[in-house]
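Presented below are the structures under discussion, each in the form of structure tokens.
Each of the next two complexes has subunit A plus one more chain, namely subunit B in the first and subunit C in the second.
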Partner chain A sequence: MKSSDASRLTLILLFAPFALWIILLIILPQIGVGWLSLREKLGPREYAFGFGNYLDFFREPIYWNTLLRTAWISVLVTILALLIGFPVAWYIAKIARQRSRAALFLMCLIPLWVSDLVRAFGWILLLRETGIVSGMLQWAGLSSGPVELLYNDITVVIGMVYTVVLFMIVPLVSTLDGMDNALLEAGYNLGGSRMTVFRRIVIPYAMPGIVAGCIITFMLAAGSYLTPILLGGKNSMWFTEQIYEQFVTRYNWESGATFGVLLLVFTSAVVWLGLRLTGQNLASTVAKE
Partner chain B sequence: MTVRKSLTARLLAATICATALLPGAAMAETLRLLTWGGYAPDNVIALFEKEYPDIDVEVTLSNNEEMVAKLRATGGAGFDLAQPSHDRIFAAQSEFDIYKPLDLSKIETGKMQANLLEAVKANTTIDGGVYAVPHQWGTTGLVVDVTKAPDVKDWADLCKEEYKGKTSMRLRRTILLGMGFSLGYDPFALYNDTAAYTEMLDKVAEKMIACKSVIKTYWNGGDDLSTLLLSGEVVASESWDSTAFKLYGENQNLVYVPPSSGALTWIDTFVIPSKGRADDAAYKWINFVMRPEIVTMMSDSTGAIAAVEGGIELLPEAKKAAVKLAFDDAAIANMKFFANIPPGLEDIEGKVLERIKAASGN
Partner chain C sequence: MNVAAPRSGLMRGLYIGYMLAFFFYLAAPLAAAAIFAFNDSQFPALPWKGFTLNWFFGSTEPQIGLFNDRRLMAGLINSLWIGVIVSALSVVIGTCNAFLFERKSFPFKSALYVLMIVPLVIPGVILGISILVFSSMIANGVSDAFWWEWDFLRPGVLLVILGQLSFLVTITTLVISARLRKFDIALEEAALNLGASRVRVLATVTLPYLAPALFSGFVVAFLVSFENFNTTLMLVGSDAPLTITMYDRMVKVGSTPVLNAVSVFLMIGSGLLALASVFAQRPRRGEG
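Then we have the complex of A and B:
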């Protein structure tokens, strides 16, 4: 009896910080935001309960266009991150020697030691009209005048892929690492071409890692704030920016909260759809072992 | 990540609560200032703490919108003295009740420049209580590289085709007002006529959307703006006068031009948050920074002009020269003071700004 009490106490003590974190910083604020989003503003210090804020969102094309734009660019970023991350992960997990693996992994990590803001400014220094890339192009005679590479969607995509690609590489490496090379050999021995082996053996095996990586990168991209704003320029619209605008410059917490809820619901729906399409579920991917 | 981002404001509120609880432990009284970058320079704080050894000054830097958002999050707690612009007090107070009326007998109002004091009082009196007194004032206008864009004289000139890809502005309400003046309206006179104001905004939005193909990018802060101009990527832009005066110090070709339709003039004020706990210290700070010798140090740091009689004369020499170069008497007479923003107006403006940002122009 006594020892089970002690173990229960241990469990409670170990679990408490996590539970407090989740309840105080995630669940309670979410409930608060959800409640706020259902409060309609009638006038100064006058409020009513209803779904008006949600209706406003669907009535205003600018808002849902921004949300769709954010989702579309985030999907693009996710796909590019996968295309770039997969070969890197394959090299680290399968080709590199055991000893150099740690070093390679570290090299992927190093950019994360610097804050998002500094990295965005790094891109700005490189890509601006009087920046390094523009200068090099002119020096090499590839361009007759200064080139402006900042302030467009391509720059935003490049900047975001750079920021999130690591979160694609890590789950891929850990999945591919567990794959027995004998599987590949068996594939070749049975007469499979490189393409067939890749398609029928590697991809199905790596699927949990691919899906986990995609979920993380998509969520990071859709929720990012600094990169799209600093690199995007005059035409960039990002949904998180809309949320900030509503909360801070428009004093409209009700509508900001609505947008927050909608972003959460929408990105969750995209993730759910992705899981359904690939035939995976959360237990087999993100929560694997 | 998504979850976290959507919660930023809530976390912010939690952080403010936490910081509000901490100073209670200290014995000395703490004066928690919520102000603009440069409005509480270290040398002024050092002198203040030397004169009042029992007061500790803590500074949080912010801007107009964030000041209101922060105070709203806590219902007016967490700070003892804030400095929003004079047109941002009435609506915020009527909607959120975040300030308390000032006790004018504790402030040496006699030292303040009479017309500015009256303007602020008129704008911030609610139910007989005065909520703000002026501190510093300045203008928003244009900064121009005179060697490359000598004929930029008014807001609308930023949209001239010949400067394609070489102009900039800040996509906030100020430029809407400036463009309004440039198009021949008087936005402040239309403030209380929502229909007419909306009509004006539609015209302004049309102009601004057409203008998008000309401007290079919208700037967000003083550093942004400085880099664009110093690198020569931009030759004319909307600008705060203080930023423009700093740029003049680096490159004498970059001068501040008050727009021909009138420079937009703001007054930053002192207000006391409704749950401030160090009112006496706050009054001491207000009176302290209005002393002539402190005014010069303060203006050196803010780049703005103190709202005391002869404020321009108390500027540091370099800034005085830049101000006198930019403003002749006619330009000073033509200054347009921001009028009180009626509640709800910023919502309409916000939608127009969103429309402009979302419109595609390449």
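Then we have the complex of A and C:
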């Protein structure tokens, strides 16, 4: 049949770019990194295969401590972003009037389009010893000398929440927007308290948005580079920094690849666990917008 | 009375206070980065020494402005053309993907759909190193086997383009799919019944309908490419884009107000583009 031939042809033509993209830029490179991580360097141009690079990682406490530290700070950032972002999303989706809603939403989005670098730079100017906050504290008489507010964990967390909170708000707003206020009214009419209505109606309804926001936020936090390094300084101990150092400074690609695989496995495991625990799947959460 | 709002006046006041505090938190670092671009001082710090535009247009030492700084301008131009190429490619591939997943059925479709989304949840640094590793493997293989030196597979512009393309395609696919899903297929059928060829239907009915999403996808891809740092850092060669040049300057030379000028420039540029994309997505009259 002629038309089915034509339809096959279009299918093939549409499939080709997808296949080229996903195979050449995603699948094969990931396999390449996996392969490289299993290659051990014995001498110049002499290699063996095995899990030696992974063993080295677990033998060196500084490496796995860095991964653990990256992990818990990222989880902390995700939780804070959810706590800070939820009321904002609720306000935009449920309380603000139609006209101001779009404007508020846009205001949330504008910092999103400014590079991480600019945002981190802004924080540096605010918080460093000669920065604005230090100057204001001295001017107000709250401090007798310059205060260094950079290079500590709290600053790193504040800066990272800043970078990712918008990615939490956007999916939350789009989910909450679809919730009918009648659901809330019904909850109250049936005698539910504020807390009960929130716990039994709002949270289950918003779950896809919460999960999507948490996944994106966590991935961005764990994979971030600029904010922890610029705000945390030399002792920030961030895992992506280790990867960069192995690749570029030490030129030890085998161990850099090992670190890359570990970071990817680790973040994927967290995402998978999050999806499992909440009964969601990747296509229905992340790709929803 | 809005049931979603807090009931007591005090709580409502506190809520509005919280929203104001939140927007202050959002604006503070951007304002700090912007304001010192106009300070007539060698350092981006207080005290305020008067207003100047030298950090944009100045041409004499020590206040070389952004538009006279050869390295920064070179970075800007690299960013621009890398961004245009990457966005054009990701819109083309994204459009094919959107038609593939919205219109066609084929085996393993849902698994492949998940695979299409996966690049969004791979950290950018890892996308960068994986493309670096893979292209170096090919380059080394070719060099060992045939003694050819394929320098384009070494860190440089091509790798930056490929690295950014690897995850931007997912974004454009999602943007374009969202609009294609709303398209009423009866419009295409009507055009076909009236005797138009498939290509003509595509060119005169479907693609014009998709145009706002194509534009939006292009702008979003361009902005993400322009501000990308993590993936680019691993793949960059001698032709560094603006974010990398600026980072180098920050780490090696320390911050001078010219970096604030770059920040202001980026804020205005990306703000305008983002607004353009929002307005392009707005439903027009006569559309559902």
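Convention: the second predicted complex is superposed on the first by the 261 of 289 C-alpha atoms of A that agree within 3 Å, B and C clash if a C-alpha of one lies under 4 Å from a C-alpha of the other, contacts with A are read in each partner's own complex, and residues count from 1 in each chain.
Simple rule for what comes next: a contact is a pair of C-beta atoms (placed from the backbone, for glycine too) under 8 Å apart; a residue touches a chain by one contact, two chains touch by 3 or more.
Predicted, not measured: the structure shown is a model, and the values here were computed from it.
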{"item": "First, second, both or neither for A:S115, with subunit B first and subunit C second", "value": "second"}
{"item": "Touched partner set for A:I95, first subunit B, second subunit C, both or neither", "value": "second"}
{"item": "Contacts of A:I23 with subunit B and subunit C, given as first, second, both or neither", "value": "neither"}
{"item": "Partner chain in contact with A:N65 - subunit B first, subunit C second, else both or neither", "value": "first"}
{"item": "First (subunit B), second (subunit C), both or neither touched by A:I203", "value": "neither"}
{"item": "Partner chain(s) touched by A:L42 [first = subunit B, second = subunit C, both, neither]", "value": "neither"}
{"item": "Contacts of A:A269 with subunit B and subunit C, given as first, second, both or neither", "value": "neither"}
{"item": "Subunit B versus subunit C as contact partner of A:L83, first or second or both or neither", "value": "neither"}
{"item": "First (subunit B), second (subunit C), both or neither touched by A:M107", "value": "second"}
{"item": "Subunit A residues touched by each partner, larger count belonging to subunit B or subunit C", "value": "C"}
{"item": "Common interface residues of subunit A - those touching subunit B in one complex and subunit C in the other", "value": "25-26, 29-30, 32-33, 130, 219, 222-225, 240, 243-244, 247-248, 253, 256, 260, 263-264, 267"}
{"item": "Sites on subunit C touched by subunit A in the complex", "value": "2-5, 15, 18-19, 22-23, 25-33, 36, 43-46, 92-93, 96-97, 99-100, 104, 106, 110, 112-127, 129-134, 137, 162, 165-166, 169, 174, 178, 198, 223, 226-227, 229-230, 233-234, 243, 246-247, 250, 255, 259-260, 262-263, 266-267, 270-271, 273-275, 278"}
{"item": "Interface residues, subunit B side, partner subunit A - complex", "value": "1-11, 14, 65-66, 68-69, 72, 92, 94-97, 165, 171-172, 212, 215-218, 220, 231-233, 343-344, 346-347, 350-351, 354-355, 357-358, 360-362"}
{"item": "Touching residues on subunit A, where the partner in the complex is subunit B", "value": "25-26, 29-30, 32-33, 43-45, 60, 62, 65-66, 128-130, 148, 150-151, 219-220, 222-225, 229, 233-235, 237, 240, 242-245, 247-253, 256, 259-261, 263-264, 267"}
{"item": "Complex contact set, residues of subunit A against subunit C", "value": "6, 10-11, 13-15, 17-18, 21-22, 25-26, 28-30, 32-33, 36, 84, 87-88, 90-91, 94-95, 106-119, 121-126, 130-132, 135, 162, 181, 184-185, 188, 215-216, 219, 222-226, 230, 240, 243-244, 247-248, 253, 256-257, 260, 263-264, 267-268, 271, 281-283, 286-287, 289"}
